[in-house]
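Next come two complexes built around subunit A: one with subunit B, the other with subunit C.
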Partner chain A sequence: MNAAPFQVKSRIVNDVAVIYPKGYLNNLSGEGLVSECGRYIETGIKKIIVNFSETDLINSIGISLLLHVMEELQTTGGTLCFTDMDKVQLGIFDMLGLTKYFRFFQDEKGALQFLGGSAE
Partner chain B sequence: MPLYGIPAKDYLDREDELAYLKRLASLRRDTLADNVLLIGPRGIGKTEFLKQLYRSLFWDSKDVVPFYYSFKTAALKSTTFARDYFARFVKQYVAFVKKEPLHVNNMSMPLPRLIPLISTLGLDWLIDCIDDFQQNTDQGDLYGQILSAISTPVNAAVRGGRPVLVMLDDFTASEELHETKRGDAPGLTSLFEESMKNSLCPHIITGSPSAKLEAIFSDPALHKGTERMRLYPLPEDTAYALFSSLLAKMKISFDREAALDIIRRVKGSPLYIRNMARAAWKMKKNNLDKKDFSECYSFEIIDGETAFYWSSVFSESLRDKGIRRTILELLMHRIARGETGDQERLSKVLGVREPRLSEALDALELNDFGGSDDPLLKDFVQSLYFREVEGKTGAEIRKLIEAKYDVPADSSVFEMVIPMSDQAELVAARAVDQIGKNINLEPELMNYLQLALVESCINAMEHSGSYEKKIYLKFTTTPQRLEIAIESPGRHFTLDSLKESPTEEKMTAGQKRGWGFTLMRKIMDEVRVERISDRTRVTLIKNIKRNEVLK
Partner chain C sequence: MELKRALFNISSLADLGEEITSEKNFREKLRSLLYVVMGTFLASKGAITCQDRTGKKIMFAARKGFEKLSLEDIDFEFVREAEKNEPYHAENDAALRAAGVEIITPLWVRSEFIGTIMLSNKFTREPYTREDFEILKVIAQQIAITLNNRALFINLTEQLGDNRKLYEEMRKIYHDTLQAFAAAIDAKDVYTRHHSQRVAKYSAVIARELGWSDHDIEGIYVAGFLHDVGKLVISNDILNKRTPFTQKEMEEVKKHSLLSYKIISHIKFPWKDVENIVKHHHERPDGTGYPDALSQSDLSEGAKILALADSFDAMTSKRAYRDKMGLKEALSELNRCLNKQFDDKIMLAFCRVLDKEIKGELPEPNILPHLDKNSDLSVITALLEGLIEELSGNGED
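Then we have the complex of A and B:
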């Protein structure tokens, strides 16, 4: 684990928002992620992919904030997908019994195909 | 009793100091030496040192008369003290001249019954001294009586033609000399001044605590003409020789390395070394290994001679029971932090008002408890704190003390302190990374361990509420096990108080937080939460399997 300063970038692929959290996902940075997602949800986006390829570590507060994003998205009938998680990140979700509440994909392409957006 | 003590052949490593003090009378006469203030921490062997000197002069010297007086056992009502001091001097003088130890210790024999013997020895001037003293007593002249007693060694030196070496032990207690009740006659100690000035009568003065003794001698009248001699702990080889000879006498065999561990732990203190040997005997050990030593040590701290010794010192020094608890809390704070902090901050941290805190701090300084680096004293204080403040049982305390030193031989221990600030937990996580690499841990496991530690640190930051924004970490690794202790000051918490709701509940509830301990328990083999004085300690334990180590 080599936690870099947190940054969040995003892009729109058709009607899907793809979010790229980078670094250590904790309370402070998690708020940034939530607000980035919220920004898209407010504009009517109902499909969000969080790509964890550049995320070093997710702590329990980060996880709870991801649950908030999911809850917010569910109220609009939207879908949240997670991609590019490493073995340990997946393991953490599994330990907490959360795998059944999220959709996990090996990569962004698979998630985009699932959501009906075209993979670039 | 000055003639009782360790046999001279078993008394080690103070030869140079003894040789100097044996010559003190002649050096003083030639103005080459002063009175000697013998300084050293409690338990370093100041009393035993004086006894060795006394015995050596008693048997080997014809020219210098030794006189030993301990204020520890003395009655401190001034008239009683004067009679006692005088009688002991006369008896020790007679015993020396006749080389008859019986008189040294025979305090029940009235002085008049010694007069025929004194006359036979040709010490008629001593009979005059007895008469003079009796006259002062009969006249009810308090100061005359005390001065007469204190000046008897000088009179004896002048009239008897032989210098007298006066050894005053536990001299700090002389501050409590009084007429009818404590504190009604301050300054009686200064009556020794005249006697100390006489070159025929050098004084060696000692006592504890050193700070109090030094304070008495800060009076310029006493300070002038007094040199300091410091007694140091025994070096390791001498301490080992002492320990092994004591155990050999009790027919107890032992593991050398384990014995050396204990000697290092007690930092060469002769008192503790003797107490440890006695503890082994009391516990009926006949072949001491590391575990036996550990048991003897915890016995000593909780129930043994060392506990008794320090209990007496605490009771004696801290008579006010109210302040005792504050002092225990203060000491525990210092032991835990290794720092003193300013008074205002301490007051907040300990929840003690400043006037009371100030009183406690003064008592600590005066009694030499504050800055002590004596590990046994620290363990004793902890044990007292556990018992008196936290209500722990002897068995619980013993377990805690034994666990403190239970470090496997093939282990590595790292300690660090991190601030309670944003992302400080990542610094701790980096430490785990390196520690894991040191023992070739598989990277995936290492990442999980890092997360468990991160969660524990976050938990400490969120629950502490302490003014002291620090987290104390201790990593202990062996090839088979990693143990991380995370201690945080402030508000205590338990696993029960941190009960985390099930995932299903969290998914429907507004509150999504509270996964930390679930994660820690899933990742680690054992998670313990304990209250250790004013800190909460979370211990994370991982037993490392063979497949979790890189080939």
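Then we have the complex of A and C:
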């Protein structure tokens, strides 16, 4: 029942890393998202956008993985943006008091504009 | 907010159950379980420790963060003296504090110390609440059993090389977790204690009589457990009233099946249709049920089973404003409401199971033990036999 295999793709727009997790963020394969972000952070990137348009589900495992990303960026003084997140999911993050650790944008374009990377 | 929090906690328990019953290798399973725990409480660091095979040393079974933590420095004698499976603040152990461990939970199965769950403070810096501790306790019990089964399993496979038994035990644990949740629902409404458990059992035996597969039976069992979960969001004052509901209160109470549906439709179950069976447990073949006023042809067999099991248990249990009905009266009442409220085919299956249970033809009775001990079983058997004949004569069988 763990459905489609989880995949992560990413690209760089100026000094912003945009991460595209795809599939269910509900099992150990989600660690790929943490290591992808970690790789960029190691190279000095401080602005990360995670685009959730192809993520269907985030369970407690996924939340735990995202906490790592938030923490890593917090210690390096970086900025984390989430985009295209499902409303229910965003509501859960809000209820958990996590929304102050990332900025939410409807879409990637808005996040890129905010971070000063150009949208395309 | 309360609904969202309840939803999140149930989902976490469901995640836990899913991981416990998964067929991953053991190390991965434990790492996943640790992530579930950390995600549930927003802890940025965490570890699960367990005894090694000699039972003399404690080692890490899974760990995220806590790099500076050396298990040799920890006073496990002190940990063993704490309440079993009860989380507590690790303020008295300097080694734990220095490594950033905030909460420690000693894991026990019966009289055996299994290990611990250690958590850092929350990423959000909010304190752990009493509710967190209660949920962590349920989780701890499940993880303790998982670790313990693994130890038993290693001994077992050395002789048998068969993991079927382990897998069966794991499934049981998943049910235990759901059961813990059902208990929370039933606890809220003092007059329906154990109602969810009984409805689950009754539904499962009816489905079995109707020839459902083991997998589908498990699904309706879970639907039975969770059918009233929406009541968590309905005021206690209404649910525990000692007088019959007013029109307005009735409308409030009627919302629960849709609320249950909304809550559990967010959980990914390994069984199909659990959420729809739950949603429609107050629908009726005559089209006057709720929330969708479905007609006979739109009702799934699962929903019809759950509806009958639910009503039968309601009739045979005491309520705040009325006494319970005897078995004979309850059966007559079900029969009187056939076609309007209940389905013939389901009723027939139910009568057959009960008849078999009374006659001792089933390996284990599931309905009988919960019923009035004073019923004259010969009268009941005669009544059941009559009903069975009448219902199977309808060409339904």
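Just so we're on the same page, the second predicted complex is superposed on the first by the 116 of 120 C-alpha atoms of A that agree within 3 Å, B and C clash if a C-alpha of one lies under 4 Å from a C-alpha of the other, contacts with A are read in each partner's own complex, and residues count from 1 in each chain.
Everything that follows uses one rule, which is that contacts are C-beta pairs under 8 Å (C-beta built on N, C-alpha and C of every residue); 3 or more make two chains touch, one makes a residue touch a chain.
Not measured: the values here are computed from a predicted model.
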- Message: So in the superposed three-chain picture, is A:K87 touching just subunit B, just subunit C, both, or none of them (first/second/both/neither)?
- Response: first
- Determine, under the contact definition given at the top, whether A:S64 touches first (subunit B), second (subunit C), both, or neither. both
- Query: Touching A:L96, do we find subunit B (first), subunit C (second), both, or neither?
  - Reply: both
- For A:L28, is the partner it touches subunit B (first), subunit C (second), both, or none of the two (neither)? both
- Message: Which partner chains sit in contact with A:I12 here, subunit B, subunit C, both or neither? Use first/second/both/neither.
- Response: neither
- Query: What is the shared patch of subunit A, the residues that subunit B and subunit C both contact?
  - Reply: 1, 26, 28, 57, 59-61, 63-65, 67-68, 71, 88, 91-92, 95-98, 101
- Item | Of all residues in subunit A, those that touch subunit B in their complex | 1, 3, 24, 26, 28, 57, 59-61, 63-65, 67-68, 71, 87-88, 91-92, 95-98, 101
- Item | Footprint of subunit A on subunit C - complex, ascending | 1, 4-5, 7-8, 11-12, 15, 18, 28, 31-32, 35-40, 42, 44, 64, 123-124, 126, 266, 268, 270
- For the subunit B and subunit A complex, residues of the former touching the latter: 422-423, 426, 429, 433, 444, 446-448, 450-451, 454-455, 458, 502-503, 506-507, 512-516, 518-519, 522-523
- Message: Applying the document's contact rule, which stretches of subunit A touch subunit C when the two form their complex?
- Response: 1, 26-28, 57, 59-65, 67-68, 70-71, 88, 91-92, 95-98, 101
